[in-house]
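By written order: A, B, C, D, E and F. Residues from 1 in each chain.
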């Protein structure tokens, strides 16, 4: 049916799944081999996603019909510019986190590598799928894996955070189901591209149900995107997670935004007149409230990890408000990539900078649950493995500074370019520019200022005023931060081509022009 | 039948929501389970009600779709049941561990 | 043979179940059923159950007939108690039934019989004293009841299981 | 003619089973003690199983048989667990 | 890229390259770092010099590299007279500062880092002045803030350095954000960010409605950077930086960036009332406030800092006046101030270096110890005071002359001559004080060491700068003349006025004002000099403790933010869930309100009384569970089981046997699971409940309202859907038509699960696997609550009884209890296994399938565990659930992937009828294999979860394990 | 929904008879749950349904499907078999648990330990 490159569309899901399944056949004594498998898989994912980005940038989208069943009946995977870009983002972030974890965190509990790969699988699936219910399934996959990874290492903070996180997400999943089934009940399809076609022809009498479904579905997405007032879970959850996990989580909140882009904007395409725009106004207001709340939170943060969490909230808010307000989608995408990389790098830096005292050992039971596990804790290990690198403080300081600049939107890294692209786009509207846009621009700038205030306080306290010497930094901990920051630098230097790519990606989104790819009718 | 089912969904939902808003972890688990019952039925209703029309097709002639219960919502419910079972299990274990670590069964880990 | 098919009777039972389930006697289902039966008997073997040690099968039909009759009778009796105005003099209560039988399988069948029969239920058993406590819904004469039970059920069971 | 009468008989049977389920539900709801509720639930299960068989008869389909058989074979697991919990405070020791 | 492009680019690239290189030098490589930096600065200077001919006539040269062309953003390096002048200052003074710093910095400091920052700062400054694009200008602007932050905080072990670095950063970077916004507005007005196009669009800009906001934002940026009142406070604090940094940042570079932007945009922004009022009043205030405050400083560098503020105010004032001549004077004064102020800072650094103090009250009579430095400082200070024959005099004369012109007819015009003279007198006063207190008078006492001349090469930079002051002051036309002219032409273009740089214009009013200032200043020093030593802070300004205000503002921000965060957010779960549900209900309701709630016209099915009765029970169970869940968990659990069974029966009623079967099995397993969990949840009792607050009834009412609303909402939505005809062309038609012919199954639901939408199933079993692994991992480190550590009460009592009774052993009660059930449950095991296999095999055609089979199988296992206990079962059965999960997952994936081998999409099923001997015609579907994977995985995952919890009962807690 | 399969008269009559008998017995048993006074009395009630009640309904089903498919269909017997085995298990365990609880609470209506 298709060229080999088309089959590559399913690889980002298949590869980590198969690798993790394979790992389950071997017990925890094979940790080294598992790390190798995980590393190779993740590197392969980076490679594949780069190939897919290249393919998506140069040709029409791949519409991969799983099981050979044609859309809209079967489930399709769609590799267009946007999904390929998200794949690349996820895999790069994954690679960085995994390298970091290999320094010591992967020994914080059993089955880390399998969970890690399954997390990537869930993310990739959510980005690729062209089917609404399949999106739900992959949401669940990535959530389930995120529960596992959040709890990795156990301890009171993580468990308490996980209790909230799981509860909220289980409730959210129910909303997703209600919304998706209402949409099926009124349109008779689950294929997202098909929905775009069918929505306009839904009879007036069924509009109420359809819109209600879309709205409830939207709430589910917005909870995942941590919009105010349904996003309070994010900072607490992410700051409880172990650093490599939190870094990977940086992209999790973006999945909600991604879903808004893919699905919720369909409503705009379908209902050209007022309703979507009223929903859009709510979304925009919510987005701006989110920025404001994130800004307040950033200023209120006492720890770096909460600061990072609220930075994610700010970025969600900026993305939502921009998207909803008809702002520049390409700028939003550029910002999405940049802020995700930045927060990811920041989460990786937090632990070496603000090293907490070793957590109390929570291993309370002496016997293994099953024979196939090895009972040992990361704290028991001989600590000094891996290459220790000099000039720790300078590296940490430099890294932190760059993260702060990225988040505040200051030069020279991509955060500046991203905010420029967004504000420029917001100003680009037909005059007169409405008050909402002015407010948004002001909020973007104010949030940047708040980030400088908070980050400078935290950075100075931890890096300049700290009496104690920082923990020895291992190459495996520094390298991934370097990788992520280098990407941000690259994004600045090659902002032109990157932006052109994202503009093309944005043009292909629903509501932009014509039906999206993925339906053969 | 429709009104009965709708009422049933409503009562299950209301009970579930009430429990989900309670402060004790076990209440929340039960609440989410009740809510998921309601949602499963709700998904099912999106295929509309069919009495005596299971989705088993004959082998010989092409089936008349109107004669069968819509199979798709049923398949979705099956997936949803499995996932909600998994999540119930997870939430239960998390609450057990939380109970052990925090010393109480309040959802926030401490009495307000 | 024992290695290949650890519990032949059980395997036969499973094969029978398979054939009933598939409602088919086609060769294909026979083969499939046989495979399942072998798998099932191996699953049982893994649990290492005590050997049933059946000594004689002759009393079985008679016992079955007695049990069936008792069940039907008890059904009627209990139905009367439920439906009709309850006699005030009816007493229900616990009966201690000292047993002679030691076979676990015999006891198991006895438990099933007593409990499946409406009006009596196996409540407690002391392995060391070999005493059984039964709750009887309509207890007229405990001693007579004990005698009857031992005679009607325990003896044939001891013949079967030893 | 007989079909109609059979239909009425089946419906009557279902109504009776429904009432039986309601009786079980009474114990399930009002106890008064945990063992009563568990007994109610167990009876509820058994009644539901019988109701499934009547559905099979009513529709002439064998579809409902598996569900009934499954209740017959594994439906008691819940009751066993509940009873054991009452007795021992622990389901698996 | 042309040759000029290359030259321009290398001017910009060199310092950054040097910075990176310096960063990698070893800590001790002081000379290497200094040499590198000096070389970079000199090379840059040469490059700039080479380009002078190209810009001498006031035109600009541009080099352009595409950056984000689709947003009209290019990297434009644009060199004209003004930027040439600034580049020369940046690089020239930069080179001198490098030389000075080589001797100033202590070998103990990590000097390469210092030079690295310095070079990066130089590069940023160059990028700023060479920007041919407004966004690029903002870009480098923020970079200067950033590197100045690093330079000021260089001695970060010192608290003052840290705090002032942060203050400088927040002020200037915040201003930078405003500037950024301002230039974006400007670009929006013009339609381009390109400087040439912006500069050509003056009329358009001034007439735009956005002019006001743009101007305000840009001015905030410029004023913060150039320390204009009231944003001046950060500059004196920044004196905590190493002196070379002060000499560089506060003479030629950092603070001049704001001035640069004002000059750069002068042609398009000035000539309006807003500009005049805002800029000139800010400049005037700053001029006076800075000079006044400088008089009262006791710290050498503090005096210089306030003097800098004052001079920056002077320049700003000149620019604000809006006349071309004033602009010329401003540009001229930029150069002059840079030279004399840099040299004065360096001199102050030498004094500090040699005496160990910068306190004017402790310094005295240093002339005799360091005559050369003293002489140099005196000349530079004279330039600062505006003494004739020095460069400062010339530009100040121009200023005074401008102050006499009419500009707007406002009060500023009237007062300006007097105020200008007054400010000049202040300048004379603090300059005299600076020189006299330091170099004259008796020899200093109580100094740590005996001061002496600084090293030869440390003085060279000062000598060069002082020489420049003299040369410009004496022969301006031959030295600064052409350069100034090209700079002025590049800004004013055709509006360039005629001006003369002669040192003597006769006895004019400005001359007289200058003289008056000199006399007044000197007299004032003689009269009040002693008194000044006794003051702390400047009168009138004393109450403005800028640091305290700034810190207070920050602290207030933080604490206000914390209060707001608590008010607008929460960390507790219940409010979060309340909000979540509220938002969801509102979202679902809004469309209904807009479109109106309506029922469809489809005829409903007749209500079956049995169904209604069943649901009455189900509803009662649900409500009962909600009612009892707090203190009667077991009851609630049983009631929930009832509700579950009702929904299960409903599925049967409504023709969904697969659902019923699945729901039933899951129900059973869930009950066991929750019971397993209940073991670890100690009993709750109403008697022990904590006291409830006053808000308790209100919260309950709110919760009840939300619950009712949610129930009503979902019920009404369901009812609305049920009364409507289904969509005509729903995709499910395809499934029913194709299930048998194309996928070989008659149970359409199962065919969807294992074929049409098998991808969902793959995801679903992955979820199950993940959750099982997570549960397992979590329970590995499970620590039960203290109350649950021991045996449950029932077991304790039963054990005690067994123990007390002769002839019984502990555990007999359990053995007796389970003896009979155990036999039955064991013998049921193979039958349940057979049933499971049957359900799996037939799933494709009839209700059943891998999941149902798997749960059935798992239930069989659990029954064994309940009957025989964990240890006993595991002694006989090798249970390896994790491996089962892996095998199942792999099986499902590989079945799906097999299609790839033949080039078909993932999960394409293979299906055909095979004619086998004995079997006859049988369907062979790869879906069956996929379903086997599901089966195996579900068994593994379900067992893993249940057994992992069950295992907790037999695990020894660490405390007990340690004791034994 | 009042519907039924199209059966020959003899089968229809038998089916109807069996099903009514089975359901009736089951209902009586369930009524016992309401009417009997103590738990130990009530625990006897469900066995009506699980013995004769099930038997008759299974017979009804066998008759019906045998007539429908014109051959002897007996898989329903499995239901009867398994119900006969599993019901005692749950009832025995439940009764013993109740006994244990009552003893712990010191109820004098239950026999003391052996």
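Here, contacts are C-beta pairs under 8 Å (C-beta built on N, C-alpha and C of every residue); 3 or more make two chains touch, one makes a residue touch a chain.
Molecules present, by chain and UniProt name: A = Monovalent cation/H+ antiporter subunit D; B = Na+/H+ antiporter subunit C; C = Na+/H+ antiporter subunit E; D = K+/H+ antiporter subunit F; E = Monovalent cation/H+ antiporter subunit A; F = Cation:proton antiporter.
In this text the structure is predicted, and so the values were computed from the model without any measurement.
Of all chains present, the one whose mean CA position sits nearest the global mean of protein CA atoms is A. Centroid distances from subunit E, each centroid being the mean of CA atoms, peak for C. The interface with the greater number of C-beta contacts, when C-F is set against E-F, is C-F. Note on chain placement: the centre of subunit B (Na+/H+ antiporter subunit C) and the centre of subunit D (K+/H+ antiporter subunit F) lie 21 Å apart, centres being C-alpha means.
Between the Cα centres of subunit A and subunit F (Cation:proton antiporter) there is a gap of 56 Å.
Chain centres here are Cα means. That of subunit C (Na+/H+ antiporter subunit E) falls 22 Å from that of subunit D (K+/H+ antiporter subunit F).
Computed centre separation for the pair subunit A/subunit C (Na+/H+ antiporter subunit E) is 61 angstrom, with centres defined by C-alpha atoms. Residues of subunit B (Na+/H+ antiporter subunit C) in contact with at least two other chains: 20, 28, 39, 42, 45-47, 51-52, 54, 56, 72, 79, 83, 86-87, 90, 94-95, 97, 100-101, 107-108.
The set of subunit D (K+/H+ antiporter subunit F) residues touching two or more other chains comprises 14, 17, 19, 21-22, 34, 38, 40, 59, 62-63, 69, 73, 75, 80, 82, 84, 86-87.
The multi-chain contact residues of subunit F (Cation:proton antiporter), meaning those touching 2 or more other chains, are 1, 3, 29, 31, 43, 45, 50, 75, 78, 82, 85-89, 91-93, 96, 100. Subunit E meets subunit D (K+/H+ antiporter subunit F) in the complex at residues 609-610, 613-614, 616-617, 620-621, 624, 634-635, 637-639, 641-642, 645, 648-649, 652-653, 657, 660-661, 664-665, 667-668, 671-672, 675-676, 678-679, 791-795, 798, 814, 817, 821, 825, 828, 831-832, 835, 839, 846-848, 852, 856, 859-860, 862-863, 865-866, 869-870, 946-947, 950, 953-954.
Remark: subunit E residues 571-574, 577-578, 581, 602, 604-608, 611-612, 615, 618-619, 622-623, 625-626, 629-630, 633, 636-637, 640, 643-644, 646-647, 650-651, 653-659, 662-663, 666, 669-670, 673-674, 677-678, 680-681, 684, 690, 703-704, 706-708, 710-719, 721-726, 730-733, 735-737, 739-741, 746-749, 752-753, 757, 760-761, 764-765, 767-768, 771-772, 774-775, 778-779, 782-786, 788, 845-846, 851, 941, 945, 949 touch subunit B (Na+/H+ antiporter subunit C) in the complex.
Interface residues of subunit D (K+/H+ antiporter subunit F) facing subunit F (Cation:proton antiporter) in the complex, by the touch rule stated above, are 2-14, 16-17, 19-24, 26-27, 33-36, 38-40, 42-43, 46-47, 49-50, 53-54, 56-60, 62, 65, 68-69, 72-73, 75-76, 79-80, 82-84, 86-87.
By the touch rule above, subunit D (K+/H+ antiporter subunit F) contacts subunit E in their complex via residues 14-15, 17-19, 21-22, 25, 28-29, 31, 34, 37-38, 40-41, 44-45, 48, 51-52, 55, 62-64, 66-67, 69-71, 73-75, 77-78, 80-82, 84-93.
For subunit D (K+/H+ antiporter subunit F) in complex with subunit B (Na+/H+ antiporter subunit C), the residues that touch the partner chain are 59, 61, 63.
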